[in-house]
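Shared between the two complexes below is chain A, which has chain B as its partner in the first and chain C in the second.
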Partner chain A sequence: METIRLKIDGREITAQAGQTILEVAKENGINIPTLCHLDGVEDVGACRLCIVDVHGQLVTSCTTKVGADMDVQTQTAPVKEYRRMILELLFAEGSHVCSFCVSNGGCELQDLACDLEMHSVRVPYSFPRNRIDATHPQFLIDRDRCVLCGRCVRVCAQVEGAHTWGFAERGSTARVITDLAVDWGQAESCTSCGKCVESCPTGAIVRKGASNAEMRKKADLVGRLTERREHE
Partner chain B sequence: MSKVKVSTLWFSGCAGCHMSLLDIDEVLIELAGRIELCNSPITDLKVFPEGGVDVTLIEGAVANEEQLHLVKEAREKSKILIAFGDCAVTGNVPGLRNGMNTDKLIEDIYGKGVTTNGKLPYDVVPHLLDRVRPVHEVVPVEYFLHGCPPPPGVIAKAILALLDGKTPELQGEDLKFG
Partner chain C sequence: MERQIHIEPVTRIEGHAKITVFLDDAGDVKDTQFHVTELRGFEKFCEGRTLWEMPGLTARICGICPVSHILASAKATDAILSVRIPKTGEMLRRMMNLGQYIQSHALSFFYLSAPDFLLGWDSDPALRNVVGLVQANPELSRKGIRMRAFGQEVISRLGGKRVHPAWAVPGGVNAPLSKEDHQWLTENLPEVKDTIRETIDLFKSAFDCEARGVLGEFTSMYMGLVAPGGKWEHYEGLIRIVDQDGSIVVDGYDPARYFDIIQEASEPWTYLKFPHYVPRGYPDGMYRVGPLGRVNVCESFGTPEADAALEEFRATASRCSGKVFDYHYTRLLEILASVEQMELLLADDRILDTRIRAEAGINQLEGVGIHEAPRGTLIHHYKVDKNGVIEKANFIVSTGHNNLAMNMAVKQIAQKYIAKGNVTEGILNRIEGGIRAYDPCLSCSVHAIGQMPIQVSIVDADGTLQQTLTQE
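Let's look at the complex of A and B:
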């Protein structure tokens, strides 16, 4: 394995070729915020929150491989400002109202508002009102709380192999769907494994009937499953 | 030393933020010596004092024409405006009605057929705005206190910092919504 030397936030760091900037930063205790990243599935750079500055260019650290003599900056003022703006747009696009969410207190989006010091959302909220799909016997999806990270789509395809979840449409009408946009309860491919529930970073996909205290997700579940498979 | 003038307003919210303000325990004793509480649901004074105030805390979202008028007045008459709690900061629960017909809401809430001369009772009930808005969407706001309601500790921290002439350092968990 080829060894690479690079700098992150001025620190000299040694990494293996083929690793992503995000992996290397994590290994070295450098915190980069993420939302669509999930251990155990492929990274796609959907949420853009993990952007870093590489020689003046903004790149998603989850999908960019380390290179020799790279100079990575993870905490410059512009990088932090762009991350905050991305987060504000995510909040404005949905109805991410923490006070009446079953995931209040166990939500990655809510935590990001604290971590990225989001004091207010500077664009008007869109207050979408999509129908909640509660047709599945165990789970439900509130698409107004979805951030389109695609963790459900990837975990369903890459780990469970069911391919129930997918994306439909583009732009402001983009949404996650089950099978060919049928109600989740009618989606024949769904194995009801619940990995999408545990992988969803917000209160979009949740267990029915769970109280706020019970609805704590196991975001590391998928990573642990795939790790065990590798070691079989 | 003259006391710092503070007002609090209550728009579309449940009064929980005001309850949390009264829940700052012994800090209230210190505040009593340092602030003059002007117009507020707590004092029941309805109008701003002449010359305005130093700080106004606004609980609740801007949801009707009366609140729209008041929020502009509050901006004019306050040196510092604080969006106090999630309804003021995001729209929160009152924002749930966005997208609904406002006349129908008035009818549903005040009862079918509740009219004055055959009209909805807008001579006594302010018109609802088409859209519930967070305070900073209407007027500039200096500080935002998150939470439903904001925890008493965060409220005390912000007010005490301002009384000392400092910028409240709200960070991490202080910025938690919900």
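Let's look at the complex of A and C:
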């Protein structure tokens, strides 16, 4: 395999051709924030939080392959500012009230707000009012807490193979749906495996019966599953 | 010329309110209104949320009484799951409620009200507060502050934090009591007992029966939950309503059917509704809840020292005291009762059991949760769809029950002290004191947001505002 030399934050780094910037950064202990990335499924660059500066261009590190002599900057002021703005837009678009959320204290969006030092949201909140779908016997989805990362969609298709989850509509009305936009409890393709629950980074898809701050997810579950499969 | 006096804002209470005093041509009090001025609409935005979120969500109604809402909510959700929660879960919930009684009653007594009657109703308003109390009586103040801290610590050790502990959950509680915390509670409870004994002695010696008439006296019914045998109860029990002379009006009433006997009326000048006893109509169906209500409805506390103190109290009052000031007396009695109840819980080995939560799905589409918050009977009533999503929520909070009575207290005090248009700051403070005795939590009562204080306004017969007195 071809070996590539590049720089990340001024450090000389060696990588394999075909690796993404995010993979290489991780291997070398360089932290880049992510939200839609999930070990075990394909990256799609949906959330844009992993943007980095490559020769003055902003690119998503999860979908951009390393190149020879690349000069990657992960922590410049503009990069940090853009990440923070993206995060603020995610918060403003949904209804993320941590105080009574089942995922309070175990939420990747909340962690990002702390890590990226998001002290306030500079755009008006949209206060969506989507109906909670609690028709599934074990799980429920609160779409007001969904960030459209698509982790549920990918894990359902690529790991479970059920293709229950999908996207519907575009722009501000975009949402994740089950089967052909039927209630989750009526989605015949769903195997109730729960991988979407464990993969969802927020309190959007959760286990029924979990009360405030009780939902803790195994975000590494899918990565471990796929790794084991590869070793078989 | 008729005038109106506005007290705005009313100070040293939980929430935002104002009082209007209407004077007639002679400058005497014609009428008064106690207005609660803000609205939040919690009942509305609970709609569409899930059952499992409700204890934590409704806790956010208030930073002072979150424990009360968590427990009432958890009980309403238990009813929807149709579960009988494990004994230890119930004991731990009781323990937290007792902690809430101790901290809330200590806050009301030492921080909010004692400055009035220990420093003097007419003392310098700048020092008539907890800081002035600390300067005047550092030893008592220190003990009062430590007592409240103990109550807060009970909540924190059980629920993980002092404010908004989302620990009571549908079916029980989500963490057991550790041996270490059990030991801490056992070791620190005696100090609280000593303090409350001392405070009751001080209160008794400072205020005889006549002195306790300072905030007026009137007749009303009283409501509270009682345990079998008419014993004082704070968590379970059945509804009892007694008349002014202690005779039973309603007894053994199923709390889940509260709406058949209690309804709420609205007035255009306040956001706080007026719950009343339906068979007697509005406003004649006035009843009082809280420490005085619970003490008046019960036969006994069921613990030795509290019962001895209760006997002494009743020897200086009628079977049912109608004195507004006796809210303070009964508040102290309840702290003593809470300490004794807590001793019993700590001495019971089952308190350390780890089976604390029952699991179940949606088995009923409606549930009522009622318990006695420090300020009085608290009702949470939910209707859910078959998946557990809230379709309707109704809260009748402790302070609401006392709304008619608080209005009555304000009017009586104003009539007693204001004559010929003579209004001093000390008189206004007595009017506020009448409100403070009920320890209202207005944030809860209208499920409202805002700052604490109240305002008094004086308005002419022709509606012109003559005078406004504000205390910061």
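One rule holds in what follows: the second predicted complex is superposed on the first by the 229 of 232 C-alpha atoms of A that agree within 3 Å, B and C clash if a C-alpha of one lies under 4 Å from a C-alpha of the other, contacts with A are read in each partner's own complex, and residues count from 1 in each chain.
Definition applied: a residue touches a chain if its C-beta (ideal position, glycine included) is under 8 Å from a C-beta of that chain, and two chains touch if they have at least 3 such contacts.
Just so you know, these numbers come straight off a predicted model, no measurement behind them.
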First, second, both or neither for A:Arg216, with chain B first and chain C second: neither
Contacts of A:His163 with chain B and chain C, given as first, second, both or neither: neither
Contacts of A:Ala113 with chain B and chain C, given as first, second, both or neither: first
Partner chain(s) touched by A:Ile132 [first = chain B, second = chain C, both, neither]: second
Partner chain in contact with A:Ser99 - chain B first, chain C second, else both or neither: both
Touching partner for A:Arg11 - first (chain B), second (chain C), both, neither: neither
First (chain B), second (chain C), both or neither touched by A:Pro124: first
Doubly contacted residues of chain A, that is, touched by chain B and again by chain C: 99-101, 129
Residue numbers on chain A that touch chain B, as the complex places them: 91, 95, 97-101, 104-105, 110, 113-115, 117-121, 124-125, 127, 129
In the complex with chain C, residue positions of chain A that touch it: 99-102, 129, 131-132, 134-135, 137, 140, 142, 185, 208-214
Sites on chain B touched by chain A in the complex: 83, 86, 89-93, 95-96, 98-99, 131, 133-134, 136-137, 141, 143-144, 146, 148, 170-178
Residue ranges of chain C in contact with chain A within the complex: 48-50, 52-53, 55-57, 59-60, 164, 166, 169-170, 174, 359, 361, 387-389
